[in-house]
Each structure stands twice: as structure tokens, then as C-alpha cells.
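Note sheet for the following structure.
Note that the chains are named A, B, C and D in the order they appear, and that numbering of residues resets to 1 at the start of each chain.
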Amino acid sequence: MAELIVLGLLLGGVYVAVGLGFSLVWGILNIVNLAYGALVMIAGYITWILSVRYGLDPFLSIPVNLVVMFAIGYAVQYVAINRIVRAPFLYTFLITFGLDLIVVNALLLLFKADFRSVNTFYSGASLAVGPLVVPYVRLWSLAVAMALAAVMWLILNRTRTGDAIQAVGADKDAARLVGISLRHVYALTFGIGAACAGVAGPLIVTYQAITPSAGGPYTLQAFVVVILGGLGRVSATVVGGMLFGLIEVLAQAVPGVGAGYTNAIAFAVLVAVLLLRPRGLLGRLA
Amino acid sequence: MRSVTKRFGGVLALSDVSFDVPEGQVLGVIGPNGAGKTTLLNCISGVNRLDGGEVHFAGQRISGRRPYEVARLGIGRTFQIVKPFASMTVRENAAVGAVFGSAQARMATAAAFRYADEVLDLVGLAPKRSLPVGSLTVPDRKRLEVARALCTKPRLLLLDEVMSGLNAVEVDEALEMVRRVHSSGVTIMLIEHVMRVIVGVCAQAVVLHLGRVLVAGQPAEVLRDRRVVEAYLGERYASRHAVGGSG
Amino acid sequence: MASATRAGTRSGAVAEPSPLLEVRGLTAGFGAGPVLFGVDLSVREGQLLALIGANGAGKSTLLGVISGLVSPSSGRVRFAGQDITGAAPERIVALGLAHVPQGRRLFATMSVRKNLLLGAYRRKLGRADSELERVLGLFPQLKDKLGRDAGMLSGGEQQMVAIGRGLMARPRLLMMDEPSLGLAPIVVERVVEVAREINREGTSVLLVEQDVMIALEAADYAYVLENGRIALGGPAAELQDDTRIRAAYLGV
Amino acid sequence: MAIETAEPATPALGSFAVATAAARRRERILYIVAAIVLAVLIVIPLSSLDAVQAAGLPLVMDRYWFRVTTLIAMFVIIAGAWNIIGGLTGYPAFGNVVFFGIGAYTAGTLITRASLPYATAVVGAVVVCAAVACVIGLPLLRLRGHYFAVASLGVAVATGEVINNVQFFGGASGIFMPIIRSDLLFYYLMLGGAVLTVGTTWLVLHSRFGFGLIAIREDEVAAGVIGVNTTRYKVAAYMLSAALTGLAGAIYAQWNVFIDQSTAFNLDVSIDSILMVLIGGIGTIFGPVIGAAALEFLIQTFAGSGELAVWTQIGLGVLLTAAVIFLPRGIVDFFGGRSSFTREYVRRTLRETGV
């Protein structure tokens, strides 16, 4: 049992990393980004190129990913999504799906459809703690995810930019009246969200091969993390991610349910929580 | 209304509210902002569930029923912040009321449109029948709300601040409309801030303050009651102007 | 409608300095058609001007157009010599025109301190602390509530935070939209006192109020808005017993 | 905007917008054009009959065109079905493909396991879809906005995965059906389904049911308060939408002879159908038809293999992004006389939705 819990927490780490960017964009801009998984894949491919061509370790490529993904996120919001950000939610939903189509197929053109993975000297290594065998990669991923959550918390709560983002999330008109430019802060927020995908990408590529269209499940998982944890607070996403990791691992351990049911479990949890507590367990679902 | 109670989280929006609305009367409900007037209307119309007490209509208990069941029993209502059906024209908005509404309504679409025309005449919107809702002015939108509620052929009509946001001339026109509606045999419960309307058309007035019934009675008397003045203008103002006895 | 009477401004003003805020022929409105029809209005440097009018006369829309939240269909708005018609609110507040919106609209989930500091978002951070001291001086009750979420405060306290947030931007003109809404009379008096105090310290104030007596007692000059048109204007003292105000309110 | 003063008879409820004379005239044109197109679509395929060929008439429709037109008809059904729940009722179900899959698998199972005739299997599939929609609709339709959209997406993904793991439904290898070789049969079946869907939409829009759905879309609380049983109406619309989508799935199953999770529960079907309704005109009768024809034709002509297909998808993505930004009400909106595609319309739309 202990092993399952540890595995669940490790898996939860990735889900936290995946959930953070998605939750920020949804909470502040009220945009559910269907292309979020595709952004994670872009980061995955950046990590792959850096590793194959320049031998850069995935974890060391995170800073590069952060910058590149932030720039992509900022540009996409500033140019496209800002145009319809006040439209009914169906349109913000569909525009992100349009972006997903563009990104996935652009990656297909560049990298073809075959699986890419990054293996490092420590990929196989794992830490043995009693009966427990814990791959190093997963441990570091958990550490990076927690670091990302901490950094995100600091940005949102301890910086002038963070105040501006939270102000925009609280009341857009009042934010404009104190001199905050919505166009800029929207793009900034989406940029930070994409930067989080820039961290999740390298983490994922260390233990899983990627293809251009492999991003879909991560979007759905991010959604479940937000539903479980709720919106509005970084801590909500951390709890949501961990909980989801645990639920998935424990559910798969039930006899008769195999790995084939990962998405089905995710969605059984999603629909159940939505019906019982649409507000999410912790945060407010604006 | 028998000891109706409604809580939002920790806040007691309505506590132990009891009063009756006799058939055929126009009853006014007044009270300063946040007194719970709109919450009361939401409780009667089934939009909010009660946390205590009961609401009876024509001998039947209606608290706990869904909004469409309450509407079918013959209670129509308007909203303080108007809720038009934006993609429909004025006439279609009204006709929807007649297509559904109380048991007496529920007409076929053709009959519903004819009945809608009559009601639009009554509220003075006939000439703007085919306009999209988007192009209506604020007073016209409030008239459309009343028209749609009237089309459901209610026995009791709940009006939520139909006069707010209107200038003096528009208030008179709206007052005239309420009188016409009342004379067509509909019992009316009116939430208002404009005292002139309460005194002008209501046979009885109930004052709500912080979710409780403060005082009820003849409008003229109620407005002079010291507790009401205090509720509205603050204790200092009431004492400075030495208002009449506690009544 | 009588055009705005350009009665004498504050005594002793020799040359006629161009007004700090000048609104000319302004027409604006929402989906339901125009709400303002050709409004002319001006605020002099150092003046405390009141804009009164019945519910729905278009007062808030006028402030929304001036501060850039609402785009006008026609007309011009000039502030401190610059044309700000239809400019973005963030640029207008940077020029020193702050708007305390109706219903206060604080950042409810953020602390009082953060709400106030955000008021100075457009200015160099260095001087924000001295501004904070000044605001807390005006509203001492807020001193021990800086850590609390703004949404948790009472109506009166929230109004003080909203005004404080506007002051943090060190504006040349502060516009306040119905600060007395839903407040107990004693709090309203404190708000009016503060308006007079900051006016004396050199900040021009445009006070929008529905309550006639409160506004006219505070202001030097006043305009009356009726159905989106300036019905009349003049020194506040004269207007106090002008019967035409009752007409503008009750249309009779 | 010409203000209509003349007494409109009973305005077609379908044109739920400014009932100007111009708009109604355009609508009549739309109906006439639709009738003509339908007549042509019925007659042309007959040219492929052996008897007709023997008489030396030109072969107007070869196998390729049969495939494209049948697919277009299929998407008219799916898009039209989505329009009933997403366009009319305002509940955009992002996972409507679940009923396409359930319809396909039910028909497939009835045919292979219970060896029922094809027609009975199709009817069975439609009934099962309606029943499933009723069961999952009651809880699901209590959710709104993002939550309903993604929950319905979730149901689609989960159902696909579960069926993929159940041996009774052929497990991962899917279901093979006895082959029925007849382009004409499936063409007319799908065309019939398409006409049925458009007809259903027309009927709904001209009935109390349609009135209630649109009231729910515009303001659900106001609809409840005037006596609309919102829950019953929403579930009924969801069941109708599911039944039609299931019909398309059932016909497709036999036509495609083989179905598995990727063909029957392909999310792209859901998203493409929404895009078709959006481009064609959401909430209208002919919007889904025009959208389905235009989009499916585009996809099929450029489908190709390899790079071309990938570029098509990118084109689709760009088209979707542009449509959402510049064309929120869709093409029919302009032919329906509600507004004309002018620069002013685009500027106003951007102003209203942009920042």
C-alpha cells in the first residue's frame, strides 16, 4: 500500500506541474485552454532537440523552455485570444481548439509522428527504500513541480505583477481604473501559463516518449486537477494534483481495472466531483 | 407567508417573515437596500429554496416547488435586473409567456401571439412590437418584463422595482400601467423604492428591514412610523426631525 | 434646456485659466440607446464640483466616458490640456485623473493594503509608502485592517478604501461616484469631510451624488443632470434653494 | 434597420431575430433553394443505376463522389443534431460523438451478435442512444458553461475507453459486420437522415418545444419563471440530439463495415460538427447544412495522405481561429438578413469581444 501512495504522490507531482499553468489561465482569464497539452508537447520537443543536438540534460533545459514558452504564450494571447476574450465561453473554447489543431499539425510537419524520448545516464537509476523502488527521475520531477508551485505563489503574491494579475482576476474594470493595461496583463498571464507548460514538458519527456498528438491527455488531466482542487489559489492546484495522482494509482490497483482505463478513471472522477461539488474542493470556481 | 426564513451562508437574508396578500389587493413591500425584498420574491417564485417556514398560494403549499410549477399555479414575476430573451423580438418575448405560463394560458403559438398583442397594448409597447429587444430603452424593457409576466395569465403578479431607473414622467406612466393591470383583475405585490408609488397604488404596505417585517399597515401611516424613518435615514436624522410616535 | 450658466467661478480668479477637465457636446450610451445627449461640463483647477441628478440620469455613464471605461458616440473630453476622448483608462489615470467607481468595486479577494498599493500602480513605487501614510491619516480606522481581505470590511470601510485607492494615484482630479450609496449618515459625513480636506490640499474633486443636500453643502459649483442633459448649473450656494432642482428630480 | 410596422402573420418562429420584410423574403429564397438542391440530390445518383447506364446516360456520380456526398450528409445529421442541444438550447455538448459511437456499436452488436436485420438494428441503436442520453442527461445538464462542455467531453472519452476494453463489444479489435455493397443504399439512408434532421429542426423551431428551448438558451431562470419545465426540456433536447447522432452512427457502422474505438469515438467528429454549425450559423435551420457541406467538402478534397492531410488540419485550425474572431454568428446569419458582412460588423464584433 505504501508503495502505491508514494507512486501516487510522484505521479501527482507531474499533475501539479501540468495543472498550474492551466489553472492560472482559467482562474484569471476564464479561458479553458484546450491547446494546453499541445503547449506541453512543444516544450517536450524543445527539450528533445536540446538533448539530442546539444546534449543538454532535460532538467537543465527548463530555463530555455520557460523563456521560449512564455514568449509563445504572450504572443498567442496578445495577437489572437485577446480579440475574443470577452466573447461567450464557447468561442474562447473553440479558439483554443483551433490553436491545438495548428500546433499539433505543425509539430507533425517538423518532427513526423514517430515517438521521441530522451534518455539520460540516470534514466534507469532509482532509489531503493526498503521494498520501495523509486526512480530518481520521478523524485526530481516532484521536486521541480513543488519548486514551480512555490515560484508561482511568490510571483502571484509577492510581486507588483502578481498583484496586477490578481487584480485583473478580481475586477477587470477596477483594474483598468488603477492604470492596469488588460491587454498586457492578459498576455502576461497566458505567457506565465505557457511557461508552466514549459516546465511540465521536460519533466514528462524524461519518463515518457512523446508524439505531436500526445498532448491531449495532459489537457484533460489539467482539467481534472483544477476541478478536484478548485481555482484561485496555487495551493488548490497542488492539492488537486496530488489527489488526482493518488486516485489514479489506487484505482488502477483495483483488480480488473488496468492501465487501459487511465482516461476513463480521470473522467469518472471529473464527472463525479463536478456533480457533487461544482465549486471544487478547495478554491472558488469563478 | 408563514415565518419564511432564508439564509445565504452565515447571512440571515429573511427571518420569520409572515404576512398575507388578500386576493385582488395591491400590496407594497418596501425597505432600505439589503432588507431582503428581492430574496422574498425569489422564495415565493421558487427561484430560492426556503430554509424555514412555508408559503401558501390559493390554499396550496407552494414552498419547495420548482419555479415552473409555481408559474403554472398562476404566479407571474418580473426581475429587478431585466432578463429579456435577447434574440427574440418584443412580440415573441411576450408570446413565450402565453405559450407557457399558468394553467389558464398555455396557448397554441397563434393564439399566444394574438394574446401577446393585447397585453403589449395594455403596457404601451404595441408600436414597438417587431423590434429586437436590444434596441429598447430601459423603461421599455421594464414594460416588456411586465408584459411577459402578464402573458402567463397570473392570478398574482410580483413586480420587482419596476420603477427604479425611471424619471418622474416614466414613473407616472408605469403607475398608470400598474393601475390598468390591477383593474384587469390581477392581485399585485409590488417591491418599490419610489414612495409616491406605494402611497399612490398600494392598499397595504409591509416594511422589511434586515430580513424582518418591521411594520405593516396603511401606506400613509407606515411611512410616518418612527421605526421606518430610522431604518431609512438613520437614527440621528429621525430624532432630529422628531418624527411622530412609534405607531 | 437652459445651457450651463457660466456664472462667476471662484472669487479672485483673475485670468480665465483653461479648465482642468472640459467635456464638450458629449453623447454616449449602452445597447439601450444613448443615455447622454450633448453634455457640456468643466471643472476648474482646485474646484470641488458636484454633479447631481436623479437615479438613471446618466451620471455614472458620464464618469465612465471621462475615465475611458465607456466609449462616447460623439463629443470631446479634454484633461489638463490634452484630448483624452476615448483614450484607454490606464493612460488617463497616468495623467492624474482617478475615478472611484460606483459600488466601490474593490479587489475583494485581496488585502486592504494591496488594494491601496494598487492605486499607485502607475507611479514610481518609491513614493507609494508616503501616499499610504497620507491615506491612513485621512482614514485612521483602516490602520488595523490593512491585512484583512477588502471584501470582509463593512460598507463604510470599503468606501474609505475605494477613495484611498483613488488618492494613492496622487491625482490632480478625483472623481467619486455616489460615495454615500448604502452608507450610514455619519460615514457619509466623514466621506464628505475627506472630500473637502483633499480639495483644500489642492486636489480638484468631481463629486457625483444623488443626495442633493450632501452634494450642495460640500461643493463650490454644481451641475444638475436630468435625462442625460445638463438641466442647470451654478454656484452650489445659489442652487441650494433653487426650485428647478426639484423639477429635475421629480419632473414636476 | 427597416422597422417592420405591417402586421406580420405568424412570423416563422425559426427566424428568431429581426422579422424585417427583407429577412423573411431571404428566408423564403432559402427554403426554395433547399428544395431544389434536395430534388437534384435525389435524382442525380440514379444515373449510376445499371439500367440508366445501359441507356447511355453519362455517369454523373462515381464512387468517389458517392463517398463524399454520403459523408457530407452524415455530418449534416451530426451537426444538425448538435445544433439542437448546442445551438437552440445553449448547452454546447463537446462530447456528442459518444452517441455516434454508441449508435455504431449498438447497431454493430445487434447485427453481429443478435443477427438482427440492418433496419431493426438501426432503430435499436437510435432507441438505445435516446435512453442513454436520458440517463446521463439528467445529472449532466445540471452543469453549465465550461463544466457541462468538458463533462460531456469526459463522458465521450471514458465511454470509448470502457467499450474498447469490453470483450462483448469486440474489445480492442472492434466489430466486423457482414458486408453490404451498395453505395446507393447508404447514400439515400444518410440523405434521408439529413432531411429528417433538418425537418426535425424546422418542427422544433415552430413548436412550443422550440420556443421553450430558445427561452432556456437566452435566460434559463427567466424561462423557469414563466412556466418552462427547464429540466424536462433540456433532457428532451439532449435525447433528440443523441437519437439523431446515434442514427448517423448506426448507418455509418454498416457502411464502414468495421468499427473500433478510434473510428466510432473520434473526438474530431464532435469538434468538426461544432465548427460546421458555427461557420454555417448557430441556432438556425440551414446553418448546419451549409457548414457541413462546406467544411466536409474542404476536408475531403484536401484529405489526401501525408503532408497534404497535415496541411489541411493546419488550414482547419486557422479557419476555426479566424471564424471565431471575425465571424461569430456564421454565414447563414448574413443570408438570413440579420446583418450584412460589412467592415462595420467586423469592427463592432471585435470591439464587443476584444480587449
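Definition applied: a contact is a pair of C-beta atoms (placed from the backbone, for glycine too) under 8 Å apart; a residue touches a chain by one contact, two chains touch by 3 or more.
The shown structure was predicted, so the numbers you read here are calculated from the model rather than taken from an experiment.
Provide the labels of all chains in contact with subunit B and in contact with subunit C.
Of all the chains present, none is in contact with both subunit B and subunit C.
Any chance you could check whether A-C or B-D wins on number of contacting C-beta pairs?
Top pair by contacting C-beta pairs is B-D.
Distance between subunit B and subunit D based on Cα centroids, please, to the nearest Å.
For subunit B versus subunit D, the centre distance works out to 42 Å.
Go ahead and note the Å separation of the Cα centroids belonging to subunit A and subunit D.
Measuring from centre to centre gives 33 Å for this pair.
What whole-Å value do you get for the distance between subunit C and subunit D if each is reduced to the mean of its CA atoms?
53
Which subunit C residues qualify as touching subunit A in the complex?
Listed in rising order, the residues of subunit C that touch subunit A are 67-69, 88-90, 93-94, 98-99, 101, 105-110, 114, 117-119, 121-122, 125, 165, 169.
Can you tell me which positions in subunit B touch subunit D when the two form their complex?
The contact residues of subunit B facing subunit D are 45-47, 66-68, 70-72, 76-77, 79, 83-89, 91-92, 95-97, 99-102, 105-106, 108-110, 113, 127, 130-132, 135, 148-149, 151-152.
Please output the residues of subunit A touching subunit C within their complex, sorted ascending.
Contacts found on subunit A: 160, 163-164, 166-167, 169-171, 173-181, 232.
Subunit D touches which residues of subunit A in the complex?
Touching subunit D from subunit A are residues 26, 32, 80, 82-87, 89-91, 93-95, 97-102, 104-106, 108-109, 182-183, 186, 220, 223, 227, 258, 260-261, 263-264, 266-268, 270-271, 274-275, 278, 285.
Considering the complex alone, what residue numbers of subunit D touch subunit B?
1, 3-5, 8, 10-11, 13, 16-20, 206-208, 211-212, 214-215, 217-219, 221-222, 224-231, 283
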